[in-house]
Structure formats: structure tokens, C-alpha cells
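Structures for review follow.
Note that subunit A is present in both complexes that follow, paired respectively with subunit B and with subunit C.
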Partner chain A sequence: MSEQSSSFDLDSIANLARLELGETEKDSLRIDMEKIVAYVNVLSELDVEGVEPMAHAAALTNVVRNDRADASFPREAFISNAPETIDDELIKVPKVIDVGV
Partner chain B sequence: MEKYDVVIGLEVHVKVRTESKMFCSCANLYGAEPNTLVCPVCMGYPGVLPVPNKEAIRKTVLAGLMTSCDISKFSKFDRKSYFSPDMPKNYQISQYDLPFCLAGNILISGKRFSDREPLPEKSIGITRIHLEEDVAKSTHFPKSSGIDFNRAGGPLMEIVSEPDMTSADEAYAYLTVLKRIMRYADISNCDMEKGELRCDVNISLKPAGRKEFGTKIELKNLNSFRSIHRAIDHEIARQAAELDAGAPLSQETRGWNDDKGSTYLMRVKETESDYRYFPEPDLTPITFSDEEIDAIRAEMPETPDAKKQRFIENFGLTPYDSEVLTNEKAVADYFEKAATKSSNPKQIANWIISELLRELANSANEISECPVPPANLAELAELINKGTISGKIAKQVFTEMFQNGGSPAAIIEAKGLLQVSDSSAIESLVDQAITENQAQVEQYRTGNQKVLQYFVGQVMKLSKGKANPQMVVAMLKEKL
Partner chain C sequence: MEKTLHEISKSLNDGAVTSVEVCEAFLGKTEQMEPSIQAFISVDVEKILKMAVEADSRRTRGDSLSPLDGVPVALKDNIMEEGSVCSCASKILSNVTSPYDATVVAKMRAAGIIPFGRANMDEFAMGSTCENSAFAKTANPRDTTRVPGGSSGGSAAAVAAGEVPAALGSDTGGSIRQPASFCGVVGLKPTYGRVSRYGLVAFASSLDQIGPITRDTRDAALLLDAISGHDPKDSTSLNLESASLADTLAEPMDLKGIKIGLPKEYFERDGLDADVEKVVDEAIAKFKDMGAETVAVSLPHAEFAVAAYYVIATAEASANLARFDGIRYGQRSVDALDLMETYLKSRGDGFGEEVKRRILLGTFVLSSGYYDAYYLKAQKARTLIREDFEAAFEKCDIMLSPTTPTTAFKSGEFASDPLQMYLADIYTISLNLTGFCGISLPAGNSASDGMPVGVQLMGPALGEEKLLSVSHAFETSTVYTQY
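Right, the complex of A and B next:
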């Protein structure tokens, strides 16, 4: 924990990504991530005064579709990808207590 | 004076009614066989490309216009990352800093639960309305949960209010008004049982008069407007008791248990940065010109509030009657059709409120299935006004129309219900009543005026309700 001088909190990032990391893994990852952050930080040297933030890399807007329903995927095919099901209808997962958007 | 100020804001999710889902062409349908409305796009398989549903965006903008929001000329979608079994991609496509609608408000009105007294009208701010994709539906079993992804990827609006409400009554009124607006504009049915409207409550208490907000607690798992009202009242009491005891509150999410009537700790709340929002690279930004916004504005239906005011001004209704009639757009439309055919709109309003709505409730019918067309109700009212039938007979005719259909004139004809306005016929009935009730005649003549009503009743009975009441009264006065 002594090298926690990074601009990010590796443990919390690993937790958000649901990754369980060993100490050696953490060390090498921290070095990699520091390099990445340093590389991206080069951008902060640019003068962006008066430049609109970009929302998308492509100069496109309003790519939309009309509201028409079409056939979905066959359930057997979809469900065959699930490790476990309930009555071949629902995807079985470990008991969830806290659901919601 | 209360010891604490209560601060309440609501986050309401409203399912947008469309034919297809938000980013794919699976049907946006409730009640299909589980996991039959899914495809690689809404299941987030690698390599797929989502494309936004134009109609869902139009309806979101419409919702914004109906709630006096500013419509953003430039919006975008963002990824909100978190893990949940009901979310296939481990991120939800949502909107972060550039939502479609910002800074609106709605006017709430309603009643207090405790004494049914009207709440003062109040404007509640709408912070924003954004569009996102719905998650799947989980069913919980003792040792596992089952996921049905039919709902996942459906268009879902999130309507965030300002923390402008101060009581459970105001929150209830806000939801009622919001739901009415969504139904008026056909944006959503807002049926909570079908998950078309879901509501989370943010609530905090602070010592009365203090400026800084207290610790915000979020309530979830609220299944009806009634349970939202109960949960807020319970949470106000719980937080006040904690604060009284000097216990610090922590920012957390609590669930509502409707059976126990209490809240329980669900989790300590994530901070916003935990969601790691970033612009959705698979979707382009959405822009609107003034002309495009005006075009949607032109399709906007009259708001419930405007309709209520217009009914008061044009038809002379009381605010209460107007509120009842504009609660559902279909009822308002029915009233308006009948009222424009009538010489007395106020009378039409009374008939709808006291008879029609009751009959509909008894028969569990929607007004769209009403067997009495508006023109027939107007005709019935005119028959009363012309003295063709009495009000009492009219109720009989109405019941008959409601049960078996037919026009008022035809029913009156078939059943021989025409009002008797022939003075010689009435005179003979009046004479009969006087002859048969000599004791009451004596009472009347010695000064008991109330007995007159008794005689009116007797004559009406002899005429089987068909005698013209005004003529009966006049003739009784003369003869007694």
C-alpha cells in the first residue's frame, strides 16, 4: 500500500470491474496504468480554450431508425447460451436481493 | 412549528410506449412468453450496433414540452457502467450531461390524505428528462433468481424532479399530475402493475429553517402511489427519531416493505463517479433545429391543466367538477362532445360525475367502452329541460341506456315514460290524493307547510313518477 501515490485508486477500480487481483498482479497493473494515465495526460498540455467538447469521433448526427418491430431471436437459441435455466424459460442466476436501475 | 424541514425529490421512470425497443427491432411488448423478445443487440452480444428509436426520442421531447422543459438542441447518449444480473451488457445506455430535456416544471394540485382538504397549488421543478434503456425483469425464488430479458432494452424515460416537495401528500399529487400528463400525450399508460411507471424517492430532513440539506436517503421498491405515500410518512418519522436521538444518518438506499409498513437498509449508495459515465461510441449525437422542436410542439395535445381552465371558462364548471372531468382525457373528450350538443353544460357535467362515472366503475368499464354515446346523454338532458320527462324518470332511462343501449326517445316511447303535463290528468290525481289523505289536509290547513311535500310524493306515486312536478306543486297549492 506504500506506493499509493498514483492518481487513481487501483483497489477501487478493480472492485468496480469485479476483478480480484493478487499483490504481484496489482504491482504490474499499477505500473501499466500509470503509463497509460501519463500518456493520456499529454492531452492536458493542449490549449483547448474555446474548443467545443467533442461528443463523438465521427462527424455524424441523428443516425436513428423508424419505430418498426421485427422478429426476435428464437428462445431455444438464446437460452442455449445460458449456463442454467429455470424451466427452459428464465435465465437462472444466483439469488439477487438488490435489483433496480 | 415543525422541528424539521422535509425535502423530497422524485426520480420517476416511465416506460415509453413504442412498437419496438430502444436500440433494436424487438417488440416493446408486455406479457409475452419469457425471453422471446430478445436479440443480439438488446442482449449486448459483441459486435452488434444499436440504433436509436426515433419515435422514443420524439415522445421524450414531447414529454419535455408537456412539462415546460427546454429541449436540448444537442444531446447524446452515454454508457453507465455497473454490474447487475438484469443488465446484459454490464453497462446501461443512458444520458449523462446532455439529456433531451432540462429545467421544466409542473403545477400540482390534489388533496391531503388526512382531512381531504385541498393542497395549495404549487409548481414543482423538473430537473431533467433523459432517455435510457430498461433492464430485465427478475423473479426471486428461495435459492436463485430467474431473469426474463423481454423488458431489457425497452425505451425508458427518467424524469428527475427538483427537491421541491415537502410532504407525502405533495409527492402523491406530483405523481398523479405527472401520470395524467403522460397519458394525455399518449407517451405511456403509466400502469405501475406493468412496470410502466416506477418511482424512487429521495428524502432528507434538516432542522427547520437551516439552509444546507440533510443526509439524502433513497427509497426504492415502491409498488403503488399509495405505498409511496406510506413510505414517505414512515421515513419522515424514522429519520426524525434518529435525528432526535442524535444518531448520524448515512447516505443509503432503503427498500420499502409494504406488508410490514417499514423501510429496510438495501445498500450504501454508490457515488456517481463509480458509474464511470462516458459518451456511447456506438451512437451519434442527436440534434434538433427550432423547426423540428416546433413541429413536435404543434402535435402537443392540450395539457390537463389548460383543459381544466378552459372547461371552467367556456362551460361554467366549478374547479372541482372540471378537475374530475379532466382527470382522464377520454372522460374530458366525452364531456366536451356531450356539452357542445347541450344548452346546459353544467347539467352534463353533473350527469357524468354522478351517474356515468359511477355506472362505469360498477361495471368495471373504461369510458371508451361506454354504451351511452355522448350525443345520447345530451339528448336525455334536453328531454328533461323541455319537460318531456322528469329528472327521476331520466335516471331510469339512463340506466336502461347504459345496460341495453338505445336512444332516450326510443326508450321513453317503448316504456311509456312520457311526462304527464296534461292539466286535467294531473288534476284528477291531485283530487285523488286529497280525498285519500284527509288528516294531512287538516295539518296543512292549520299551518304545517311541510305536508305539501308529502302530497307531492303521493301524486308522483299515483302517476308512477310521470307527472310534471312543477304542475303538481302549483295545483296542490291551489286546491289545498
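Right, the complex of A and C next:
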């Protein structure tokens, strides 16, 4: 909890978030993120000794449905949203494996 | 044709008007207002009129699905409607057609309510101005040089401009209540879990809730009745029997004996506009005249709410928005050479500035080395904030505050300072962190700029009945919401 603020490494966080950023965009984001992170650092002043974290507004329990076959959505309705398809049947994706290495 | 759902419903059921006539009137008003307001991303006239014809023929046959059969209600563009593009006002989803209906839409259809247009919003519901839309900047119908608020700004503006009698919005940190306040209409955030989130594109799953934006409290109750209830498709949906809330509003409630809590931290702070405070004070005086008692209450951790909210909401958003990767649906970059570049470029190009800021913050607070200091800490702050609210509700029935510290912002006011925009969420975010319910209702206009001021009433978990009854009693004694 000690080394906060100015620890926001934009390039590394953007890479984790899988966001490609332009150079001008980075300049303004760096300023914004510094300010925002500095602001949320107010949390470091809060004494939370013995306080349980709250993940959700409602007490959650696992919900299971009966193991029974049910109607599923029409395939075409989903495939038609794909950026690229093969014969409207399969979703085409960019190269995953680099054969040359 | 500036009418409420209950008035339209009565006219339809009395045979004084048909659904086609009602829809044509609102479509006409929409056509007239849209060039200056831009509340909608799209309105499918043919589809609306087709549903209106069907509603009319059901009514003629005596087969109406409900008293609301044939009334139009707008949908925020993050609520899925089968066969319509659901873009969340984002470039990355601009070509994605919903393969199915959200549960709220299915419930609307089951009651005969007609989905009327896709209302504009801040991209992925992130923002307080409706300026973060990839498609249009919606204007505030009360003053088009100002924003309608956000993120459900299109929904609120459409109702305020009379383009539609009511709309659905979603509220993750005030996104229903704040635009309702800015536009002078009623906005209700239900208790978390009362309304199914199935088919609502997720922003922050532990905070998101769908709710109505309407002209009055009765309509908010009617619409909430229509869309709420347990849904097996949403594991966080509450399983409870609920009597009709609209029925409880038949007569205005007697406010004698009702205790209204005034959180001192919400009034004693810099940044609360003096003219907003004046209108809120007048509303408090009115409640007292009507027999309610006010009590001072305290929310000691109020100053940590904005920070806790932005850590939790962005953490959840960074995970929820990871699914938009250009692979299975949505925009895919054509310049990418491999899979990694596809992710980086599709997301870098597809998301707008504010969404990027929030994904970055969320990724940061969840990243190794920072999780405990930010995310875990914020979750503990959330517990303390909820305990504050629970303690306060032991001393009062409902709490009252301004909905927002100021009236509607001028367009572009926060373009260079997003943090200032976040800070303006101070009064609304805690109800999302706690999961409790709240309503913003018009209480008058600011003396300095003439813009509407909203008063927020806050209730405990599942406290909607009292919340709506008190709101309704206030409304029947004022002129502000009488259109």
C-alpha cells in the first residue's frame, strides 16, 4: 500500500488490457490516469481493520438448473454477427500459430 | 400528446384512441424533435406500427395482453431487442444485431408494450453527459446547449421532449436518476436483483440495474411492475413475490409518521450549488407541511464512496468488456496480421476515450501488486458504506438528498477533466454500492439557470413500496411533474 501514485505504467496496463493506443492519445490518457489514480488513493486513508470485503449487493448462492435438454438459439442468428465466416457456417479467425518460428 | 402511460392506457381501454394513433402521434413528435435533440440512435417506424396494429386488433377482439397493451416505451441501446442493432453507442458493436430479447423486453412484449426506438447513451453506459456516444450527442430538451445527463441521457431526453411517454434506462452509478434530474422527469433505480439483467450488456455486474424513466411516479410503478420479477436466466435475480406497486398508489399516502432522514454529509459539502440546495430545502419544507418528520442522519464513509465506486465499477468493467475482442462478433480491425494484433487494434480502434480510461483503471486496480491496495480496499469500503446506510435506515423510513450537486452541465464542460465529472456522482453511487433503491423526482427549477432540479429519495433493500408512495404523495401536491 506504500508505493502508490505515479506508479501507473500506461504502456504495460494498456498491453494487459489489450488496447492499442495512439501517441497523442497516450499523452492525454497519461495525464487523466495520473489524476484519477491520485484521487482513488484516498482509499489508503481508510481504516478497514477487521472489515470483510463486499463483492455483491445481494447474498449470492449458486443457482443450478435441471439437467434437461432445452431449446437453444438458432445458430444463424449468432454466426451472422461474426466479422468473417467461412460459408456462413464457421467463424474465421486470424492466424493463431506462427509456423515460421 | 404529452401524456403519461396511465393516461394513454385509460384512453386505449376506453376506446377513445387506438395504439396506431398513439404511436403515430409519438412518431410525429419524434420526427419533429430529433433534429435538435438526437435522443435516439434509431427508430424503426415500420416495426412499431406493425406492433401497434397487432395491439389494436387484440383489443378489438377483447384479448388485450394487459392494460398497457399498445403503449410505446423506448429502450436504452444496451438492452437487447431481438432483430435490432444493440450497439451500446459503441463503434465496436455498431453492426451487432441482438439474437434474442432481454428478459425486460420479453416481459414488455408479454404485456403488449411496444419497444419504441433505441435511445442514445454514453458508450457502454460510461459517462454522465451522453457525450461519449460514438453516434450522436443528445441535447437536453430544456436547454439544447446543455447535456441531458447520462448515461441514460437519450432515454431521459426522449421522455422530457415528449417523443415517447416512458423509457427504460440502466443505472450503475446514477445513470437513470441523474439524467432524469437533469431533464426534469422521474427516474427509478430499483433494488439490485428486482429486475433481471439478462440481455442487458454488462458494465459492472454487481451494480447494474434496469429501471424506468417516466413522467410521473405512477408510471414508474406501472413500468417496474411490468419488468420486474424472478428470472431463472439471471442468477442474481431475487426470488420474491411482489404485489403490484402501482396498485398501492391509488390514493396519495398520508405522510404523518413518515420519517425522512437527511444525511448531513450530503448537505455539508463544497460543490453543492446554492440554487439546487434551495430547491431541495423547499422540497423538505413541503414534506414537513404534509406531515412528515425529518431526522438528521449520518453516513460517515460518504467521502470514500466515489473512490470505492470507481475502483469497483471499472474493475468489473475491465473484465466484462474483455469479451469485445473482434473475434466472434463486433468490429474487427482489418489491419491486424495475427491474433494479438486483432485484439489490440480492434479494441484500440473500437472503444472511445472514456471507455478506454475505465478499462485502464479497472485493469490497473486488478493487476498484480495493486489488487489489495485498490480493489480489495474498495470492497471493504463498500461494506462500511452499506453499514452506514443500514444504520441510517434504523432511524428513518427513507432518506432524501439532491440527486446531483448542480443542474445539467453545459455541453463540453468536462471534456478535459473526467475526474470532475466522476465527483458529481457523489449522491447517486452509494445506492449502487449498497444495492438499495432510489428515485429522482422533479422538485422545481434553479433560480439562476432555470434548469430542473431533482430530489432523490432513497430506500432500503426492497423498499420500493414506501419510496414510491412518498414520491407519489409529494408529486400530487406539487405542480412540477404535472405535464
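The working rule: the second predicted complex is superposed on the first by the 79 of 101 C-alpha atoms of A that agree within 3 Å, B and C clash if a C-alpha of one lies under 4 Å from a C-alpha of the other, contacts with A are read in each partner's own complex, and residues count from 1 in each chain.
Note that in this section a contact is a pair of C-beta atoms (placed from the backbone, for glycine too) under 8 Å apart; a residue touches a chain by one contact, two chains touch by 3 or more.
Because the structure is predicted, anything quoted here is derived from the model rather than measured.
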Partner chain in contact with A:Ala58 - subunit B first, subunit C second, else both or neither: both
First (subunit B), second (subunit C), both or neither touched by A:Leu90: first
Touch count on subunit A, higher of subunit B and subunit C: C
Which superposed partner A:Phe78 touches (first subunit B, second subunit C, both, neither): both
Partner chain in contact with A:Ala69 - subunit B first, subunit C second, else both or neither: first
Contacts of A:Arg18 with subunit B and subunit C, given as first, second, both or neither: both
Subunit A residues contacted in one complex by subunit B, in the other by subunit C: 16, 18, 55-58, 60, 62-63, 65, 73, 78, 91, 93-96, 98
Complex interface listing, subunit B residues touching subunit A: 13, 18-20, 25-29, 33-40, 43, 51-57, 74, 76, 81, 83-86, 92, 98, 132, 134-135, 138-149, 156, 158, 198, 200, 220-221, 253, 266-267, 274, 276, 279, 281, 283-287
Partner subunit C, residues of subunit A touching it in the complex: 1, 4, 7-8, 10, 13-14, 16-22, 25, 29, 32-33, 35-37, 39-44, 46, 48, 51-58, 60, 62-63, 65, 73-74, 77-78, 80-84, 91, 93-96, 98
Subunit C residues touching subunit A - in the complex, by the definition given at the top: 95-97, 99-100, 192-193, 206-207, 232, 235-236, 238, 301, 303-304, 306-308, 310-311, 318, 322, 325-332, 336-345, 347-349, 351, 353, 356-357, 359-361, 363-365, 367, 370, 372-374, 376-384, 386, 418-419, 422, 432-435
Contacting residues of subunit A [partner subunit B, same complex]: 16, 18, 55-58, 60-70, 72-73, 75, 78-79, 86, 89-101
